[in-house]
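Worksheet: one structure, shown below.
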Amino acid sequence: MTKDRLKKLLAGVARGEVAVEEAFERLQSLPYESTGEAHVDHHRGIRQGVPEVIFGEGKTTEQIVAIARLMRRAGAGVLITRLSGDKIRGIRRAFRGAVVHEKARCVVIPDGKRKSPGAGTILVVTAGTSDIPVAEEAAVTAEFLGNAVDRLFDVGVAGIHRLLLQESRLRSARVIVVAAGMEGALASVVGGLTDKPVIAVPTSVGYGASFGGVAALLGMLNSCAPTVAVVNIDNGFGAGVLASVINRL
Amino acid sequence: MTKDRLKKLLAGVARGEVAVEEAFERLQSLPYESTGEAHVDHHRGIRQGVPEVIFGEGKTTEQIVAIARLMRRAGAGVLITRLSGDKIRGIRRAFRGAVVHEKARCVVIPDGKRKSPGAGTILVVTAGTSDIPVAEEAAVTAEFLGNAVDRLFDVGVAGIHRLLLQESRLRSARVIVVAAGMEGALASVVGGLTDKPVIAVPTSVGYGASFGGVAALLGMLNSCAPTVAVVNIDNGFGAGVLASVINRL
Amino acid sequence: MTKDRLKKLLAGVARGEVAVEEAFERLQSLPYESTGEAHVDHHRGIRQGVPEVIFGEGKTTEQIVAIARLMRRAGAGVLITRLSGDKIRGIRRAFRGAVVHEKARCVVIPDGKRKSPGAGTILVVTAGTSDIPVAEEAAVTAEFLGNAVDRLFDVGVAGIHRLLLQESRLRSARVIVVAAGMEGALASVVGGLTDKPVIAVPTSVGYGASFGGVAALLGMLNSCAPTVAVVNIDNGFGAGVLASVINRL
Amino acid sequence: MTKDRLKKLLAGVARGEVAVEEAFERLQSLPYESTGEAHVDHHRGIRQGVPEVIFGEGKTTEQIVAIARLMRRAGAGVLITRLSGDKIRGIRRAFRGAVVHEKARCVVIPDGKRKSPGAGTILVVTAGTSDIPVAEEAAVTAEFLGNAVDRLFDVGVAGIHRLLLQESRLRSARVIVVAAGMEGALASVVGGLTDKPVIAVPTSVGYGASFGGVAALLGMLNSCAPTVAVVNIDNGFGAGVLASVINRL
Amino acid sequence: MTKDRLKKLLAGVARGEVAVEEAFERLQSLPYESTGEAHVDHHRGIRQGVPEVIFGEGKTTEQIVAIARLMRRAGAGVLITRLSGDKIRGIRRAFRGAVVHEKARCVVIPDGKRKSPGAGTILVVTAGTSDIPVAEEAAVTAEFLGNAVDRLFDVGVAGIHRLLLQESRLRSARVIVVAAGMEGALASVVGGLTDKPVIAVPTSVGYGASFGGVAALLGMLNSCAPTVAVVNIDNGFGAGVLASVINRL
Amino acid sequence: MTKDRLKKLLAGVARGEVAVEEAFERLQSLPYESTGEAHVDHHRGIRQGVPEVIFGEGKTTEQIVAIARLMRRAGAGVLITRLSGDKIRGIRRAFRGAVVHEKARCVVIPDGKRKSPGAGTILVVTAGTSDIPVAEEAAVTAEFLGNAVDRLFDVGVAGIHRLLLQESRLRSARVIVVAAGMEGALASVVGGLTDKPVIAVPTSVGYGASFGGVAALLGMLNSCAPTVAVVNIDNGFGAGVLASVINRL
Amino acid sequence: MTKDRLKKLLAGVARGEVAVEEAFERLQSLPYESTGEAHVDHHRGIRQGVPEVIFGEGKTTEQIVAIARLMRRAGAGVLITRLSGDKIRGIRRAFRGAVVHEKARCVVIPDGKRKSPGAGTILVVTAGTSDIPVAEEAAVTAEFLGNAVDRLFDVGVAGIHRLLLQESRLRSARVIVVAAGMEGALASVVGGLTDKPVIAVPTSVGYGASFGGVAALLGMLNSCAPTVAVVNIDNGFGAGVLASVINRL
Amino acid sequence: MTKDRLKKLLAGVARGEVAVEEAFERLQSLPYESTGEAHVDHHRGIRQGVPEVIFGEGKTTEQIVAIARLMRRAGAGVLITRLSGDKIRGIRRAFRGAVVHEKARCVVIPDGKRKSPGAGTILVVTAGTSDIPVAEEAAVTAEFLGNAVDRLFDVGVAGIHRLLLQESRLRSARVIVVAAGMEGALASVVGGLTDKPVIAVPTSVGYGASFGGVAALLGMLNSCAPTVAVVNIDNGFGAGVLASVINRL
């Protein structure tokens, strides 16, 4: 409720056009107007620029299908992440138009509407091949949100020239997502080669003292490049959303 | 050295206008032109959109002044961060035009050039008053880089309405920086109220199980709002740079 | 054994009504009367206001049934927590009147006695839907102990208005339990909106840098609301007991 | 602003007794009335049952005195915690009626009003003598909030009979605060001896593998007594507030 | 080889009774006589007072049986620890006289020799019933090494009187082993009640912030009773060996 | 209160020789008889075989002297540990007969009584010279408690022959204390060379990844020698007490 | 591209023998010349002296076979590490000449070329038998890279004489790899006995406070022998490569 | 004592040329011959190829001077590390020929003997200027041990071309030491550019989530380049020794 609408409402009360009870009802739920079914957050898309997404891990195929149906009824496209092969098959059976992104372990049920594209390209980079599932989750999410995505995989720092050969692609991107496990050093190197925002996703790729992605996470948080920010370990989805939000500024 | 300049140089060689030795000298330091003292990276500003900045902690006043003089000679404005009161006084004595930002513990030596402003406003938010030095470091950095900055301090989640009353300011910002210590929950709440990118800076404010900012860091990395990315504990400078880079897209 | 009963016993000895040997037997196990099998602590209910409860994890169905039978014989109602679907089915077969709480992964075998209700309502709140099993464990425990329980689920901080719309329910509760994983910020927000004691239960919901609930745990311990206290990760049972103890003051 | 007052205000507007502009001003800051300087949260006392308190650590004497003066002008009593001897002396000079609690490292500036006492007694227990400053912070806070406080210090588990001899005091309390460092075992033992809520405060007392209070914190979180909840390391203030909130139910 | 035997050997060489080659062979492996297969350390029993024991975890039944056969041939009794039910059955089939200790998850193949008993009784105490497997591993190990063992289980600190009722058993032991998970507080309480050495074994019993036994480990290391020393988490075997070594002093 | 005394008391009541009130008083404080000033634990020496000791760190010289005077009045010898040079001087001024152990940072005020010596010798071993203060704390404590102590310093594992040359001293000891920082490997090596109990004290000697003694602590807890038990980091006092308790069995 | 080649290229441009466009193309990818398929890093063998190796964990047999076929076609020998029994069988079926190293969980597909041997012998040492798989991975890798390897297994520090008897083998090696779990002390002892470089591999052997190899890792990092360097937990492959690189200097 | 010398000794005994007592004395200290003052390890230089070095931190100037005098008398050159400015001045006063290395915080007292140089050059690289003290400690140590050292400082990964421009220096080194704090990524990049052994030294440079060098340590341990091994945080000395040992192979 904006200031204008608040003043209008009060003027209505003053003029007797709005009953005290009615004004009370509307003001009671200030500062947000409710839609009656409080916890269904259909407005979040507007508020945050991000539709609701289904996190598939820990949910059964049945639960996922049920939630997706509700969303579809509301007219929304649906993105479902963190899916095993079994669940992917179940969801495909349930929704005809479902598009499977195997490497990303995601399914998209499109709403058929055309989205205005973001201003530039989002580049998704990985250090190794094992980081690809997380990177693809980011890429598919960004595409789902209407962005053009460029992929540059397996350009880790132990063979730094592989990255340098692609410097022009780094430069032509508007936002860059870097997914890397083990020592996570790629984010710093990329951050040093470009003047674009870098969203770093530590992955749980590695063993021993990688501690499930902690080594990469710390490496990225301590990046000597000041244009790098970090999201949670394996959080390709978050990186994709944030990249989209920035690309659409 | 851009592609255009590279082609131009080669054409000069082909036309005999540029000597092989001279071309060699310039190409040797490709893709960056060196100034003789190789490691002084004056081109970083162009590459990353960020001038060199002096991290004042662990350096003596003499060292800081010496480095700043070098930078000044190269024509650059200088930002010096993490300064104690003693060092601030020493720097002010050494540089007439130095502008002191006491709360931010920073000094700026301006270059007198006008910067084109970023596209929108950067909003810097804190949970408590103790987070202000870190937030000011971010704000001063962003201003130094030519951005308009709005400050919204002391709106932590234990009095959530203080934040809600300022929702319009959240909405009118283009990029938001959130500095918070203790449980760091403010980043999630802000992320939930806006569709703009949120750069979260955990601060070392707190005691006991805050573990010097780790609790806030983990809280922010686990944010349920997918538009939040995180920088190192107390890294106001990095947040300011990244916010500027995004705002200037 | 209360002071009164001790004095009465001694008076009985003095009057010759109680034999020395008999008094010795009873005093030997002071300050608690043993039942012969010393370690069965049937008096704990009186001492702590909490009946013995069976922690189902790591026990076989047969072990659980055997312990529950012993308790039933002693006349007590039985609460069994942390049960998989298999065990739930086994227990239901063994006890006719057993009431299954599937979401809470608990079974209650009621004793048929009416409990005097606690003084007010215990409100159990969750941040997300994945926190519900832990929250239900708390709620079922509190109900088992005779309390009225109100449930308010899925009101996490990234959509803060969902919580604010329910502020009246926060205010009408006497004790509040907050179950939240990921960044655990809900506890602070709730603590800031009410003057009632808040028992925070970090849940292991999350991935990566949530470290199995550690991020939420630290967030809650560092809450900027001073009315929040914390129990172990996923410890819905403990939260339910403590809420009941407070509600019955 | 309660529902009643909201309805009254709207009725005033409807009747023309309250101008639209005036109503707008008051509603704009809904659901809390602002005082002009928005972030001063004088209403928090009503909302949370806790007056604002000054955390003295990291603030200069001058800053503390300035904040305390503002609070005094608003008519409130003031509690200042975490004070060194220097600051205590400075505050005493600034406020005549200031009452110093040396062991608690606190100063209270009373408002002269009589508070209705809480329903029962709050018992504050420590394991050792080194835990006393934290315990006293809890005790002084609870007294400042109008509660009767009983102190039982130095009854750690390595001499368990010292505690058992005082069992009657455990039983006559309505709420119990336990402050313990090192292994923090006292909370479990106390929790096993009583049916009252136990608020455990781990202290940073210890060395080596106590890790600044972490050992005690973990011990308390894993308490086998289900009536124990935990606050941050050395957070005597929080324990005192929560104990008061419970005692005033 | 003791000093006496060394002098005797050299005298033999001097007298020509021992050939240089033979002396060389024996001295080459000084200070321990080798049996040809150097790494089989049959002398360890003499050196450390402990026969070799087979750690069953991570070994197949076949591997265990093969190693046990080697040991049997050398005339030794054999203790095999950390066995699943499957392996226990396999070992029982392979060795007739094998004695199964199910709770301890151990098998003993006795050598039929009578051991001289240790000087006193070793008391093995547990906090809960879940700690029994670890405690039994300690008890069976101590019995295997010829000690009399007394067992006192399920006397955790949340019902402290269960322990106090058994104080005489604490006092009549010569060495005490305490196995406890969760907060591990029992070791401190026992240490405070007796003047005998207490060997504390943290167990991995617990969940959430018990971190697989870390909470108990830290609690025991920080014990306020100075007569407590700690072994690795779940290391019942080590506790049994050390208790035996002390009891046989 | 033993069983015999309990029966005697009840018989006295039965015979009218003991008044009910008097019996009540004595039984009330069961299972321990109080001395009136409950928390002064003069009986601990008898119960645990260890006199009270003053932990000097964090106490002022005045506090230490005051406590020591109380103890002296009770006729006890006093051991004060963790003293800086300043405090040592202050204590020496206050007590004539005080014996200073500079390396151990301890002061002993002897009671002039002769103690019966323990059965054997306690050997205190260190890896390096920096571990000597902790080792001396152990040695001085053990001597204070009446034991013969042998010292073997600076025999760390990187020059293993230094230790092997002293193997006879390892073998002639009855109990061995090993103080080592850095990797703490000495405890395992010593444990492998002897059949005596080994009490390992990790020291905070080291830097970087020694994490203040954690590396040594973990090394000792994971010792492959099963006769090693561990006390807290830098806890020379505890090691000395436990060694004495074992030596006096 | 060396300086010489750069000058030659520029001279070619100056002489008109090289077109500007062609020079541009080659200079653009400076400082590395690409082979067309950028990310296939066949040059790494030359650059680092190490052929590409397939890390088998987390890859399917099909994926492994496909990658190995590509490598074989390029004429390279192939080393595949971290293989389960299933995958080993699958790979053996696919490649006739494949040599299986069961203990090392590796397969080698030789290229039939003779390698010049390294200058000396690499000695691979383990503390226990459980460390052998990691040690064998190191040994097989070193052999695959053309080195002579000596193996010395099960000489852990709790029976230090087993190691001392083999001192001559320590001394005749040129590089030593030490694989040890639990407390990892063997690396320090070996480092103290030799003047050769020691590469320490912590293994995840152990339980409880070994924390999956962290105790051994910390022990090795804190080694008091200055000739010890450490690789990741269980990283036998890395140790083998580094040992080979040193041996071939 | 070699096998030959052992046989010779025994033959001497057999021939009556060596007395039994004398042989006993020499054999007693097997496997190492002692020099009478057992713990002075003058032979370590021969055994490990490294003279004793004085770790200056935590020692007084007096202690350092005394130890250095002992070493000088034995004819050795002395290296003293980790010195503050005060101690450096004190040592310089005590030893005329002392050479101060200020950046390295080291002093060398040369023995005037010429050392045969190592086979190649040791290259010491740093990421930033703050890593220089640790790098200089490594460089000075390596020079003290007779090696040629090349220094390449301030070539961190955020400006990767600074390093690439110096690739020839990487390639001409025989052993490389990399000192880096923050994310420590430089070690991986260097390891990817060369076929020489890389010794990585994490430094404690950084703040917040660098955790005193832990982020760099983990990054280096997880290096994707298999030719990297790691020493303790800030352990420039160890890196210098190990580099020397490798260079002298």
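The first chain written gets the first letter, and so on, giving A, B, C, D, E, F, G and H; residue counts start at 1 in each chain.
Operating definition for what follows: a residue touches a chain if its C-beta (ideal position, glycine included) is under 8 Å from a C-beta of that chain, and two chains touch if they have at least 3 such contacts.
These numbers come from a predicted model, not from an experiment.
Chemist: Enter the minimum step count from chain C to chain H; a value of 1 means the two chains touch.
Modeler: 2
Chemist: State the chain with the largest centre-to-centre distance from chain G, centres being mean CA positions.
Modeler: Chain centre farthest from chain G's centre: D.
Chemist: Between chain F and chain H, two touching copies, which fits better, same or different residues at the interface, with half of the numbers shared as the threshold?
Modeler: different
Chemist: Give, as an integer number of Å, the spacing between the C-alpha centres of chain B and chain A.
Modeler: That pair's centroid distance is 25 Å.
Chemist: Provide the C-alpha centroid distance between chain D and chain F, rounded to the nearest whole angstrom.
Modeler: Between these chains, centre-to-centre, one finds 38 Å.
Chemist: Could you tell me which residues belong to chain E and also touch two or more other chains?
Modeler: If we look for residues of chain E contacting two or more partner chains, we find 3, 28, 31, 159, 164, 191-193, 208-210, 214, 217, 221-222, 225, 232-233.
Chemist: Could you please write down every pair of chains that are in touch?
Modeler: So, checking each combination of chains, I get A-B, A-C, A-D, A-G, A-H, B-C, B-D, B-G, B-H, C-D, C-E, C-F, D-E, D-F, E-F, E-G, E-H, F-G, F-H, G-H as the touching pairs.
Chemist: Within their complex, state which residues of chain B touch chain A.
Modeler: 31, 46-50, 119-120, 164, 167-168, 174-175, 191-197, 199, 217, 221-222, 225-232, 237-238, 241-242, 245-246, 249
Chemist: Applying the document's contact rule, which stretches of chain A touch chain C when the two form their complex?
Modeler: Of all residues in chain A, those touching chain C are 29, 31-32, 34, 38-39, 41, 44, 57-58, 202, 204, 212-214, 217, 232-235.
Chemist: Okay, in this complex, where on chain C does chain F touch?
Modeler: My answer: residues 3, 6-7, 10-11, 13-14, 16, 20, 23-24, 27-28, 30-31.
Chemist: Residues of chain F touching chain G in their complex?
Modeler: 127-128, 156-160, 164, 182-185, 188-189, 191-193, 206, 208-211, 214-216, 218-225
Chemist: Can you tell me which positions in chain D touch chain F when the two form their complex?
Modeler: Its residues touching chain F are 130, 153-155, 159, 161-162, 164-166, 207-210.
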